[in-house]
Amino acid sequence: MSFLEALYFIVPTTIAYAAPLILTAIGGVFSERSGVVNIGLEGLMVMGAFIGIVFNLAYADVFGGWTPWIALLVAMFVSALFSVMHAVASVSFRADQVVSGVAINMLGIAIALFSVKMMFGKGQTDFIQKKIPRVNIPILQDIPVIGPMFFKSVYGTSVLAILVAIIAWFVIYKTPFGLRLRSVGEHPMAADTMGINVTKIRYTAVIISGGLAGIGGAIYSQTMTGDFGHATINGQGFMALAAMIFGKWHPIGAMGAALFFGFAQALAISAGSISFIENVPTVYFYILPYVLTILALAGFIGKANAPKANGVPYIKGSR
Amino acid sequence: ACGTDKEKTTSKGGNESEFSLAMVTDVGGIDDKSFNQSAWKGIQDFGKDNGLSEGDGGYAYLQSKGEADYTSNLNALTRRNFDLVFGVGFLMEEAINTIAEQKPETNYAIIDGVVEQPNVASILFKEQEGAYLAGVAAALMTKSNKIGFVGGMEIPVIERFEAGFVAGVAAVNPDIKVDVKYTGAFDKAELGKAEAGRMYSSGVDIIFHAAGGTGNGVFTEAKERKAADKDAYVWVIGVDSDQYDEGQVGDDNITMTSMLKRVDVAVQDIAKLAKEGKFPGGETKVYGLQDNGVKLADSRGAIPDDVMKQVEEYAKKIADGEIKVPEFAK
Amino acid sequence: MEHVIEMLNITKQFGNFRANDNITLQLRKGEIHALLGENGAGKTTLMNVLFGLYQPEKGEIRVNGKKVNVTSPNVANDLGIGMVHQHFMLVENLTVTENIILGNEPKKMGVVNIKDAAKKVAEISNTYGLNVDPYAKIEDISVGMQQRVEILKTLYRGANILIFDEPTASLTPQEIQELIGIMKKLITEGKSIILITHKLQEIMDVSDRVTVIRKGQGIGTVITSETNPEELATLMVGRQVTFKTEKGPSNPTEEVLHIENLVVVDYRGVEKVKGLNLSVRKGEIVGLAGIDGNGQSELIEAIAGLRKVKSGKITINTTDITGLKPRKITEAGLGHIPQDRHKHGLVLDFSVGYNAALQEYYHAPYSKNGLMDYDVISEKAAKIIEEYDVRTQGVHELSRALSGGNQQKLIIGREVSRDPDLLIAALPTRGLDVGAIEFIHKRLIEQRDKGKAVFLISFELDEVMNVSDRIAVIHDGQIVDTVIPSETDEQELGLLMAGHSREEREQQVMKEGADRDV
Amino acid sequence: MSNRLIKILVPAISIILGLLVGAIVMLFSGYDPIAGYIALWNGIFGDSYAIGETIRQISPYILAGLAVAFAFRTGLFNIGVEGQLMVGWFASAYVGSAFTLPMYIHLPFALLAAAAAGALWGLIPGILKATLRVHEVIVTIMMNYIALHVVNALIKTVSGGSYKTERIQPTASLRSEFLSNLTDYSTLHYGIFVALAMVVVMWFILEKTKTGFELKSVGFNENASQYAGMSVKKNIILSMLISGAFAGLGGAMEGLGTFGSMTNQGGFTGIGFDGIAVALLGANAPLGIIFGASLFGSLKYGANNMPNAAGIPLEIVSIVIALIIFFVACGYIIRVGLQRLNKKKEAK
């Protein structure tokens, strides 16, 4: 592969790989910025992936080409609903948020697989026919070098992911809600004395995280596998969690981290086909993305500061 | 087995003529679209043919959620007094070996593995022979003279696929280079997709996958390319079972063919022998082209008849022993 | 007389414990009303009731004569009540403006209009002479400015009734003066203030009336001009309290702490201690006076081994401890009552017993061969509890549950009971009531009299003047002068702290004299 | 109601609630919950064989739970137990097969190798956290994937291209003829004693030793610990090391006990991730972990009996387990409920 060819492969692959992670990680940013640890992202993604596929299969005839997009919405809705469980436990019942998150993970996959069994009588769903298409963006695709890298056969969902990152940044840093969100995650009691409803903000944030993780899962299943089974979502939620921390609980940072994971993955794949290193044992390529991540973290990122009140239930009047 | 064990044992003792069989799946489950499903189909077919019903005394299966379940599942079926218990997958060798020693009066069979015990029949397939034919077909069908192979993990079975496939391609045209890549996993669709994307981008037009769930990603990539451009010349060759359905893109289908591994055939064969009292205990039976153990699936017209004819010639030569397909990748 | 606030017969209970028992407090329009009581007397609780954070079991609240039901801080805000909390309610990583507008954000098309808000903040800030930078982040500004931000928060919401809960506990004398000025200005604007403080002099200086509570019960309200600090202290504690700490003359002997040309940088890498020289001898208390931020924290941390020394030398008892690990320094003879008791002083989630052993757990008799002996530790803890009057349920109670004053007594007990040759006491009485302060001062002097060296860091000139035998004045990372308390006054100290040398001061006095002559 | 009673009642009620909701799900899906639970019960306790297998399943869960809990007690979140367990498994299988030694050396050696391998895998995130303040959650997640691929490559290398390591020598085996016979040929092995011994070890380290005191102190307040002369770095590293060693021993349960070898791993074992739930079910306390692991292990193993004895899909048990964990997490509200109930009673 020539260098440019490699780039034409690496860039789109990076973005496609990253899209579900970006959305999910940003979901995590919302939740944890409000002070609710969310390691249930994996389970929320599972729910989204499952709903996305099931809806797509059931309504492909009705909605035609729009099906996968509507499936994203439905997945968002259902995962958001599912995340209410985590919110109730973490915010209202003062649960240990890690335990609740673990329960969400286990419950997500269990419910999804049980439902698949009930609906399809087998371990995985059928394949969807209406997939999220790749499109060439007119005019932009003709720009030399940049065009084929960014604007040729891109998923609409990748554009969506990047848009969501920018919107999330805007919401968190520019709007009253964002200001309140950040204050609740840092110092809920201060927010409370300013008349902010800590419970409401935290519920909202967790539900947003559920919705975004749901979209993330549905994007994954509708672009990568085309069906849903026990292995469809298989650690992506944890990778998103890592991206969120890597990105220092900042939406653009999380997007950057997710893109970095995608890049490392794409790099490993393309490096494996460069002829002069063909004799390098494959295991080095398998672990390359993960090693790169650790090195990047150790190299230039350093300490990441979690929101101060992250993981601590807010109990009115306690000090 | 809730307290039914004892009464079963007695009832069973007086009814020798009945023959019952069961299987333990590996983590895939009976609907994995792969060899577990195929084995279960074999058992069901045998059951139907012999008037058995599902349940104790007829036929049954137990699903494993992890390696740790193999022994206990085999044990459970043994306790339920099945006459013949299949273990599906090479990972079950150890477990079968252990239980066969403990329960010499039950017969066992292992699929894809070898266990040397007098009450165990070992069933192997010549995946390389089927893969060879897939390679021949691919080499005859390629327009770019670039062909890809996407493997899951680097384990002996998958390496047999690779060996046969590469040999098959070379037999037709030694100049065609097969781009061989393993993804290191059977469950990472995104890697299969990315790998396939890289291959197709580099000019490969046909990819044979032996990568389980990772292979889903290969299909996805091919379908996307087909959907974007109806005239795109991209193909996938499926594995284990007929993956035609996976390849459907609107009115087109990108599944060229699939290399079938007829576990069902082998299961029925062994079961029949056992029922007739000719159970091949201690033996290893290898099912190849000749025994209908491996073959290419119906291409539904994707492969033109003249090409199909040439493929069949190769098949005949293999069956006759004229061509020896290598078992190990270089 | 018109009452803007009337809290009548308020009772607030936590479980079976009555934090407020039938307390009445009436605030007149335009007055500064002090609320006085020991640590844990129930002052904060009463104010939290007024601010809507707690709901009282009994009693009623009237605002401008009308009965109200303050169910939440929002209601309090609407009634024009603002509160500056004892522990700042500021979000550290937000800016001043963001903290102020939180919950009440001006919007432009759904977006927070920071520019307008900042302008308004600056306006109010100027009106009251608060001098805050609207765009600064809270974590970057001084405690004094944070305090002023808290005040701005209430003013921004148009509060007319302001509650200040111990606003001066962590301020430097200069900042306290500024704050008093601000309060007086607020009064002239027609606002009314409830002020909680443990510093009786402040009460005498600014308040119009004082309400005293003791152990949750109202003792009564007196008019400030008709009382004096001694009477107030007696009302509050229920016994006589001595103010002027009694101590004999000191007999310093050998040098214990010796610091030579010490240079230390802060976390940003900025030099904060710049070639400092200092010595503390056995049998004396050296006080370090200075304005916050002149290198005090860095100096202490460097001595304790918590911060790297850039250059220079520190010795304790002839051992060169420069660059040694904290443990080695402790073993060289250092005892340290840290400035921040929650950050450094205690493991709040450990029991009182564990905390009592925090410095000594690693050697016999507290542990042997790598194994802890918790019985011995409990015994020791029980002794500290008894000797230092730490009010706690027992050695197994979590330190978190102790009040600040008792946490401090626990730390002092732990450090002093080890009998260190050098005891560093950094702001040891911050936020404590007069009774507790008296107790702690006695302990420090007791150490001195036993022939130990004591190094006291404090922002309170009173304390430094009363307790020390010598006062070293720090300015800009250097000791500008060392003075004897009996030979100086607050004014001179103040000038030294501001960086003027003694000669300058003398010249100034002479000049003033000359001016007068003319 | 005494505090102790409430402490016992909360998990008990959580379990009952979990089973109850599970029953409702079964009813709505057209299954018979009573038959289902009978099958589950029999799957766990039905006969000596089932009991043996259940206990065998519990052993690695205990160790994984200890690993997670130990790190938690020092303020660290070790999501890397999965990877540490895998390298431990490999190390034990390798040492077990590659050497010929008398049993009293071989078995301890193999166990030690597993612990050391796990410790090494924990050491890396530990060092990165201690020296560069890199968040341990990310590093441990990454280390899991690295472990998976490295172990698979190592299996291939040491076995000369095969997919599994050679069988361990009997001298390194935890298998026990005695225990196996006692439980009707189950695979129950001596590992459970190793696991229980480690429970004692964890309790001992935390509650009795100086090291434990330091580890807990650093976990609660790094600044105060530093002030008290403890080395924060050393304790963070040590904590990850010990945590990893527990996880590595969990791997030895599989390598020297259940399987006697290691085959190519197609994915994570899941034991490490379940360890998080086990630890938290047990409130990160040694005894609690035995409870958590027993609950987890029995439900997981017993579930296998549900499809064949009652025709109910396995997944329903996963739902029940998840619900139980969820209700345990919500212990606060259960406690409040109990206290209210109590008050009412007292009032009467």
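In this document, chain identifiers A, B, C and D correspond to the written order of the chains, with residue numbering beginning at 1 in each.
By definition in this document, contacts are C-beta pairs under 8 Å (C-beta built on N, C-alpha and C of every residue); 3 or more make two chains touch, one makes a residue touch a chain.
Bear in mind that the values here come from a model prediction, so they are computed numbers and not experimental data.
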| item | value |
| --- | --- |
| Each chain counted as touching chain B and chain C at once | A, D |
| Chain C and chain A - chains in contact with each | D |
| Interface ranked first by C-beta contact pairs | A-D |
| Identity of the chain that, by mean CA position, is farthest from chain B | C |
| Inter-centroid spacing, chain D versus chain A (mean Cα positions, whole Å) | 28 |
| Between chain D and chain B, distance of the C-alpha-averaged centres to the nearest whole Å | 34 |
| Whole-Å gap between the CA centroids of chain C and chain D | 48 |
| Overlap residues in chain C, where contacts from two or more other chains coincide | none |
| Chain D: positions in contact with at least two other chains | 149, 152, 267 |
| For chain B, residues that touch 2 or more chains besides their own | 154, 184, 186-187 |
| Full enumeration of touching chain pairs | A-B, A-C, A-D, B-D, C-D |
| Contacting residues of chain A [partner chain C, same complex] | 174-176, 178-180, 182-183, 186-187, 189-196, 308, 316-317, 319 |
| Touch list for chain B against partner chain A, complex | 28-33, 154, 179, 181-182, 184, 186-191, 193-195, 197-198, 201-202, 213, 216-217, 219-220, 223-224, 227-228, 245-246, 248-250 |
| Contact footprint of chain C on chain D as seen in their complex | 208-213, 216-217, 220-221, 223-231 |
| Footprint of chain D on chain C - complex, ascending | 304, 306, 325-327, 330, 336, 338, 343-350, 354, 358-359, 361-362, 367, 370-372 |
| Partner chain D, residues of chain B touching it in the complex | 1-3, 5, 27, 60, 62-63, 65-69, 71-73, 75-76, 79-80, 90-91, 94, 99, 102, 152-156, 184-187 |
